[in-house]
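Here the chain labels run A, B, C and D in written order, and each chain numbers its own residues starting at 1.
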């Protein structure tokens, strides 16, 4: 299959969406991003890399980073993770406290904010310097030591992070946060600020495509079974309240962030990343989702 | 892979769950079913059939039938279906009215009761005799003209169907039911009463494994793209409030019913059905779910 | 205090609200009512009657009737009522099923629809002909045998009563409805259709002002203590989701209906009824509420 | 009426409740309070004071203080208060975030925690030293300069105040908190820690009985109309999720705190305070509520 040609077609056919979405504006650092950027990267199972457009322009990972912190926590404490966070789709917008109240401080899954904060708390308990651990992990996966936290974004998140502060404090009132709220939030805001590009992203996520094995570094990250589980979580919970629709239209496990990025995989076949900063009403990249839908429709490839 | 041997192992290893679940007791006709029955059927892509135990004992399809009525509706009116029912996991127990209230009469997906009732309403509008249409569809897929509605179960459902009656009336108050509530409920209670066995079930569902093509009758039921979508729905919504967990542990698109049956698929590879009447707290077959989890763990096969 | 003059002032000062509300249109029989009608009646404790405008034009009681059926049920079975319906404000719009789901079929109070349907069920169990019992009760209190059910309104309610049908069936699924849903709804739709005027209304409600004693017929309807309780319920729950605001601005126990009527009392002092069919967004008479607020402000009278 | 004798009877008849409730234990400083204490004070409209038992033992005001901060805010900015907090019963336990999420950061009323925090924010914006302002207000009303904040309780609240911190941060995320969360919480935890006794309490609340006029200091605190409104709020929202029941059984506007105190009034007639630290499941004083119910039953006095 000629992936290069297919990426060209996708870029062409999604161009009309430019200007139809809305760049995230809840923090100034994100609101300044130019909305008409568009990049794609595709890493085939055999290691061949395809790129299109702004595929090497850095952007803010935001919620995409939740897959990485979960991976580290899962590797560290295994199924103990699930004593503190569920693995069911939330059925509610990504910042909902209703679910949290009903379920007494146990978030529905690790990809809603509350769940990622619990994962952050786990890392804070596990490592003296969890920010370094995460950065090392990402740099190694992507084989790129230039990847850094964006201090301006992290600071901006912090200054506008009242909702996340509410979530941490609320869960702490139920006893599901162990560390100091400030510390947990510091890691969380930093992980969101990770600045990378589409090429970094497909390399970083390729261990999931290879069922837990990092083929670049020849290192097993997760067991085959845990990698399956991570995939299932991405499929059912990876796109906020649009997860079911994404599974339905696209059929790839994936994770999006409000920076406009999406990383997705067809296990055994390929890893794909797209980036376009304009979001739809669910907080997912408008053009990015369309691009992925076109990809699976054009190629007939998907997990189903 | 020696499927026969694997089914043997699964039967052996799940035997300890006998007596640990609870047969559905909301209607007398189901409460009488003997709890210690257990059957499995597996239909490989090449048509080879494997069976174990009570694989030819009939049981009540209950919610499994929702996949079949959705298939018929989807084939008839295509994406118009999604104007009347969503495709997101519900995040709430299967009989919740809360979601329905929030979303003004539009059920979250076609596999919760409310959604299946809307599908039933669509069939009532589309066919003069929808019950015949459904029965023909099932008999043809399973190549078994002995399959029938169980009139005693259907009548029993009707006599205890206040919750479903509430759902239909509630959605009608929002304008999302077109026909007379009695008529919609009649089809619904009948579809739930469909009496079939595991072998019938794998044959009936095999068109989903073959990406929409019924290879027994050489007939296309759904386009490849729609079949992908049906799979996505089963994966994200097929097991009530345990869907995420089923995807996580098992990794197959599937659908369960309170009769104790589960049908599942790995597209391109195989169709599987298990039956064991004792349910867990989510209303899914306790032993059936464990059996499927063991299957994907032992074989390393799954969609992920 | 010159009540006649005060009613004049109120009529004058509220005239500007004409046309600002919206006549109930969920059933045709109500939608046809001319919106610019306005009547008031005031019955002082000593029996002197004051009237203004359309005080003798009949209108549909709707939810006001809930006070009367509760009174009959309370008199019949006393505090057993509270085993089947709560007495807390609902904190949700009057037709919410959320509360009902959370509290497993026990409505929050007898003045939301679900609660009134339970009361209706109680009367159906208690009397062979509950409609006659209610009509006799009202005719006697108002000393007016011309008061009747409006058959056209009752029929119209029935034809559009899917939401109430949903509520009855839902509560029956929890076991909190004893009789046939149709029978319960028949009484309910008839009680809503009661056709009376403001003068009838102040006479009918005056037993509440006199702490349970019907001074016209020299008959004790409720004990002093139960009458206090009925007053408390009207104050906290009588105006749908505007109850708190009505207590806050007006300070009288009262009950409204979507026909545009409001009956209220200052125990020991006076009974008041107003009618104006145009409703505000809470389903209460826009001009009626303002009239009552002006009354307590001008006179300095209230329960507080 | 012989109030002295009635207080005796009440003490006698409620004695059996000793040991049936549970002292608040969410902070150590409260958990240490001895549960079998019981005090009452009653201030008649003419100024005569009646006391019983531990009426001069100090206890923690907790939520009772919400009436006082609301009074100050209401006096300062009048109806502007209602742009930032509602006046409807909550229909949910006192710490619910669900309501807050639905209504986008506007608490239902000033007597749930979220609402009181908004009031605290208003005072922080209005005064350079709001803690002094509140303490002066209380000391003056009670004519007792010994009344102080209990620093140990305030500190203990702070150390366990994650839920309140969540509430403030959550409302700030909606823009309904103006000041620094820490500052708002500091005032809030201090107001909760106010240490006073039943006699102080009836004196402090007597301006509400006198329809806004402090007869001891000959000073108008609230206009007659605003005092009516404050009463309405206490009646509909003063007892957490037991407000409707309290209105129903007792029939007095009142406010409780988890310290075990309740202050209540019959406008024009009397002010009453009871204290008993053991709480019922709603967080209200078990014996205190029974005492007030007996009082209105025995005397036949109430607002209804």
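Annotations for the structure displayed:
To be clear about the criterion, a contact is a pair of C-beta atoms (placed from the backbone, for glycine too) under 8 Å apart; a residue touches a chain by one contact, two chains touch by 3 or more.
Please read these numbers as outputs of a predicted model, since none were measured by experiment.
Of the two chain pairs examined here, C-D and A-D, it is C-D that is joined by more C-beta pairs in contact.
Set against the C-alpha centre of subunit C, every other chain centre is closer than that of A.
The geometric centre of subunit A is 55 Å away from that of subunit C, both derived from CA atoms.
Between the CA-based centres of subunit A and subunit D the separation comes to 47 Å, rounded to the whole angstrom.
Centre-to-centre spacing of subunit C and subunit D amounts to 32 Å, using the average Cα coordinate of each chain. Shown for subunit D are the residues in touch with two or more other chains, of which there are none. Under the touch rule stated earlier, the contacting chain pairs are A-B, A-D, B-C, C-D. Put simply, subunit C touches subunit B in their complex at residues 96-98, 100-101, 162-163, 165-170, 172-173, 181.
Those residues of subunit B that touch subunit A in the complex are listed here as 86-92, 99, 108-109, 224-225, 227-229, 231-233, 235-237, 241-245, 247-249, 251, 253, 267, 296-297, 300, 302-304.
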